[in-house]
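Next, two complexes with subunit A in common: one pairs it with subunit B, the other with subunit C.
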Partner chain A sequence: MVNESAKKVRKKLLLFIFLGWVLLIIGDRLDELRVYQGAQIAMYTIALASIVLLTGYSGQVSLGNGAMMAVGGYAAALTLNNLQTPIWSAFMMAILVAALFGAFLGLAAARLSGPYLAGTTLALAVGLPAIANQFSFLGGEPGLLFDVGFPPERFGEEFTQYKWYFWIATFIALVSLFITSNILQSRFGRTWKAIRGNSLAAELSGIHSSQMKILAFTVSSGLAGLAGAVLAMTISLVAPGAYTLALSFALVTGAVLAGISSLPGVVLGGFILVAIPEIADALAASLGNQDKLNSYLPGLFVSVLLILSVIYTPNGPGENLRKHFHKKSAH
Partner chain B sequence: MIRKTRRRRTWFAAAVLAAGSLLATTLPAHAETGVTTNSIKLGITLPLTGAASPGYNKIGNAMDAYFKYVNDNGGVYGRKIQLIQKDDQYSPQLSIAKTNELILKDKVFALVGPLGTANFTAVHKSVGLQRRGIPSLFLNTGFSGFANKKSYPTSFTILPSYAMEAKIVAQFLKENFAGKKLGLVYQNDEFGIDALGAFTAAGVKFDVSIPYTSGTQSAATAQTWVSQLAAGSAQVVVFFGVTSATAPLLAVAAGAKYAPQWILGSVGSDPLTLQALGVPVAVLNGALTPAGNPSPNDLTDEYVKQFQEINTKYNKAAFDDYVLQGMNLGLMTVQALRAAGPSLTRRGLIRAMEAKGSTFASVAYSPLGYSRTSNVGHTGYYMAVMGPTGDRKPFGGTVMLYTTDSGNGPVVKSNFKRPAMPAKGLPNNS
Partner chain C sequence: MQKALETLLIGLSTGSIYALMSLALVLVWRSTRVVNFAQAGQAMFSTYIGFEIASRSQIFWLGLIFAIVAGAVLGAGVDYFFMRVLFKHANSGPAAVVAPVIATLGLLGLIRSIVGLTWGGEFRAIEAPASKDGYTFGEITIPFSPLNTLIIVTVAIILIILAILFQRTNLGLALRASAYAPEIAQLAGIRTARTRTIGWAIAGGVGGVAGMLVTSYNFLTPYSLDLLLVFGFIAAVIGGLESMAGAVVGALVLGVGLTIILNYVGTSLVFIGGFAVLLLVLLIKPDGIMARGKVRRG
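Right, the complex of A and B next:
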């Protein structure tokens, strides 16, 4: 049995390495804009994984992921700028600080559920990024620079900055998805699912439900923090304007569309979130390119998609597709 | 036989290589990004919507109108200018995203008039303008940090820096308001802090000093500013912020019957925009402001007259300081493109700015500082006083131009005569 699961993990590891290799080759073939968008997809993938873990598995609804990302972004920037440590340590610090913050929040969250928890985390998403305006060491509205540096010279002249971001973001996304998927398939994942299904029944079978909820919050926040640091890398900046309420909502939409409890779905979610502004731009252009239209269409898209998805496919279209295929293969 | 084939292959390869390299040297240089035989693509990021947009949202259209006028009169060496405007809502993060679109998707040749200090700082770093060698002409910000040619070798400023402005206002305060109680309201990013540093260096002490964060300006916050200023009984109040913050400040002060001598920074003192934002016109009467350009209503000025004509035909916007500024940005851009010559490259444009930029015609009264070692545009201001209709006239009747630098240089009164407006507003420089 132990051998069996070890084999599974090894198989998955090989799959992820293969996936990384494919992405590397794809990254070489695309133009710079697409490569940059690739880095953004990787960033969204990590952020969506944190929502899947929290909401899809442990059943806690959080609208405050943008705030957790902000915590991670600022932690990474402060580490890199003040301690001049290598990049990877800045990313580690982002996970650590955001996870600690999440654990703290989890203490409160474990006592709340449903709309109350959503409300609390929503308040966090509104308020937390604005705190940067109150303390000068956080850089106010213009924010702090977050500079991971130029790509190593041995990659050559042709190796652009954005390809470097793409490599880093993709590597981080693959590693974190691999770890997350293992956590979700472990005892913890099953326990969280049990709590989501029926918290009373879970407690009766010996699960310490509030502890496990706090743990879910901690792990999910760590992931969100990491996504926040990757976001900061792609724009070389941490600023309140980067972690808006709109980002939190976009993430929830992405997670719902991708299927809230499906980890592979997060890649689809990432694609959708990057595609929305592109589609909105194209639509605005065809409607006569008015400034107001350009600015507000992406937000409108996100809201409409979320509402439609909740009405017609409560578990997300991704989930429906998966079920459809499962049924087919069962026949 | 085998040996023969091999040798033949080697010869063939050598011949192809030789012919190829010969071709490569005789072929015309590869076309520059954003430039074709009949077009030049330029890009700008600025707030078209959002809290900071009133006023600034007119600049892009004014530039575009001027470019259309030039295009209808033959373009620049036969090339028509296409301007792509992107709305960044004054948010640095959006500026980065939009500039990325301009450079990677629209593939513009250069940026012209990108607006905002924090915005351009972030863009320059994130997008890597310097490493890509992308010319960024006429940054619409007065942050003196951009005057560092080593850090910003492909960028050129146009406005006198906030530091210059503060030094000139400091000199003016000393000459005209010695012994009065002074107040200051400023935006607490590079924009206002630049000015604050210059005031401190000039030895001006403010009795009341109020920083505010960009984006927080509203009637409610203006209420707290006014009560602090009134409590400190400030008699002269200097304001360094954007127009969308000037408006609530003046409106609330008028409501509270608090009427100090206002000195409004050049960035936030456009009368039409102030009026549009609900400031009673009477409040502006007597307010002082450092100004670089003539009044947009001064039809005796050859630049203003020409730009108004172009505006009437191509833009149809109410002609104010922003439209004037946008038109002038267009005029300067066309001169820069002409100076770079018919075979337009990014490097050529930067070299032309360095070599000939200081001779360009511009509506502002002060000299341009461009050179091989300086990327600084205009270097001075005159003090103007606003009338009851929001129009402005030179303080003391005639334009008294002060020039200075962003460092420790003195503030001097200057007799500089600006170049004449090119005939019909169409540059023919080379």
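Right, the complex of A and C next:
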């Protein structure tokens, strides 16, 4: 039995390594803009994985993932700027601080049911980024620089900055998705699902539901914090303007679109989140590039997609396909 | 002493606006079991309508009436065309629990982008119906202004109308009954679905008033009511989410509390203070300050 699952994990590890290798080759063949967008997709997959873990598995709604990302981003920037440590330590710090923050919040969250938790995290998403404006060591409105440095020289002259971002982001995304997928398939993932399904029955089977919920909140916040640090890397700074309410909304949209309890779906979600502004920009340009269109068309797309998917495929497109085939085979 | 009195008065004035928002949230929560985050969007849309009317006619009160009507129509429309469809479709699977919350969030985004595409993101201002300069007593001018008085009076009138509606009319009885026990209400011959839509309309109208009153002393943008939503929610939680009286009391307490922080500690801690209050209430008294040993439903 133990051997069996160890074999599975090893297989998955090989798959992830293969995936990484494919991505590296693809990264070499794309132009700068696409490589940059690849880094963004990697960032979104991490953030979406944190929502899948929290909402899809443990059944807690958080609308504040943007705020958690901000915590991670600021933690990473403060570490890098003040301690001059290597970059990986900044990312570790982002996970650690965001997870601690999440654990603290989880203490309150575990006692809250749906609407209370949603409202509390929404309040956090509205207010937390704005708090950075008030404290000078957080850099105020312009924020803090976050510079991971140039790519190592041994990669050669051709190796661009964006490609370096892409490498780092992809590597981090692959590692964190690998770990997340293992967590979700472990005892913890099953326990979270049980709590989501019926918390009373789960408690009767000896599960400490509030402890497990806090744990879910902590792990999810750590992931979100990591995503926040990766986001900070791609734009070279952390500022309140990068972690808006709109980001939190976009993440929820991406997670719902991709199927809120499907981890592989997060890649699709990441693609969609990067594609939407692109499409909206193109459309705005063809409609005359007005200021209004540029700022509100992406939001319109995101919300229409969110509404349609929450009404018609609330459990993700995968679920609908499965149902469809189920019906077919039943007849 | 004088500063304490000022703080109390200003606090009551801001708190009374929070009261309207938190009432709107509580009304919808009681009937539909959804915290309607789109309320900020609905209120914003109504306020833009009110702004158009008020700036064309130069009459604030005409704008207010139009904002109420627009809010009510939009609220009813959201329930009729949106929530009903949602509850018909999204009722199974892992997303069923979170679908309504996420849907209202999507709606908030939708209304925001439509308003943004129509009116743009510029800062708009409505001419206040009363002076913003504080009252002067001899040598001293206090920050409490005729506008603040007017806000308190307006909210008081709205609250009295709502109280009469809910306590003294058949419609109010139907609203309370279908919120308290939908199935029994239905058996007693109340059309609960229609009653619910009326509840949404009332909430929408009340939200419209809140938006107009905030905009009488603040700028209007597609984002300007987000904080009102958050504080309205906190107030509703202080009151226990179930009780309308609790929502009003919670809002006044929150308004005064935040003004105390603003006047005695500093602006930077206002939001943190509000958030801390929310967490404290949730941890210590999750049923709200009005609870009398009743178990929270939902």
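Assume the second predicted complex is superposed on the first by the 318 of 331 C-alpha atoms of A that agree within 3 Å, B and C clash if a C-alpha of one lies under 4 Å from a C-alpha of the other, contacts with A are read in each partner's own complex, and residues count from 1 in each chain.
As a convention for this text, a contact is a pair of C-beta atoms (placed from the backbone, for glycine too) under 8 Å apart; a residue touches a chain by one contact, two chains touch by 3 or more.
Predicted model only: the values in this text are computed from it and were never measured.
Student: Thinking of the overlay built on chain A, is A:Gly119 touched by subunit B (first), by subunit C (second), by both, or by neither?
Tutor: second
Student: Identify the partner contact of A:Ile179: answer first if only subunit B is touched, second if only subunit C is, both if each is, neither if none is.
Tutor: neither
Student: Pick one for A:Phe135: touches subunit B only (first), subunit C only (second), both, or neither.
Tutor: The answer is second: A:Phe135 touches subunit C but not subunit B.
Student: Of subunit B and subunit C, which one touches more of subunit A's residues?
Tutor: C
Student: Name the contact category of A:Val256: first (subunit B only), second (subunit C only), both, or neither.
Tutor: In the superposition, A:Val256 contacts subunit C only.
Student: Looking at A:Ser295, would you say it contacts subunit B, subunit C, both, or neither? Reply first, second, both or neither.
Tutor: Both partners, subunit B and subunit C.
Student: Just to be sure I read the superposition right, which of the two partners does A:Asp31 touch: subunit B = first, subunit C = second, or both, or neither?
Tutor: So A:Asp31 only meets subunit B here.
Student: Between subunit B and subunit C, whom does A:Gln161 touch in the aligned arrangement: first, second, both, or neither?
Tutor: first
Student: Touching subunit B in one complex and subunit C in the other: list those residues of subunit A.
Tutor: Common to the two interfaces on subunit A: residues 291-292, 295.
Student: With touch defined as at the start, can you tell me which subunit A residues reach subunit C in the complex?
Tutor: Residues 55-56, 59, 61, 63, 107-108, 111-116, 118-120, 122-124, 126-127, 130-131, 134-135, 196, 245-246, 249, 252-253, 256, 260-261, 291-293, 295-297, 299-300, 302-304, 306-307, 310-312, 314-316, 319.
Student: Quick one: which bits of subunit A touch subunit B in the complex? Just the residue numbers, please.
Tutor: Residues 31-33, 36, 133, 140-143, 145, 147, 161, 235-237, 239, 241-242, 291-292, 294-295 of subunit A touch subunit B in their complex.
Student: Would you pull the subunit B residues touching subunit A in the complex into a rising list?
Tutor: 48-50, 57, 85, 87, 89, 91-94, 96-97, 100-101, 104-105, 117-118, 121-122, 125-126, 128, 131, 188-190, 213-216
Student: Which residues of subunit C touch subunit A once you look at their complex with the stated criterion?
Tutor: Per the stated touch rule, the residues are 29, 33-35, 37, 82, 85-86, 89-90, 92-99, 101-103, 105-110, 112-114, 116-117, 120-121, 222, 226-227, 229-230, 233-234, 237, 241, 267-268, 271-272, 274-275, 278-279, 282-283, 286, 296, 298.
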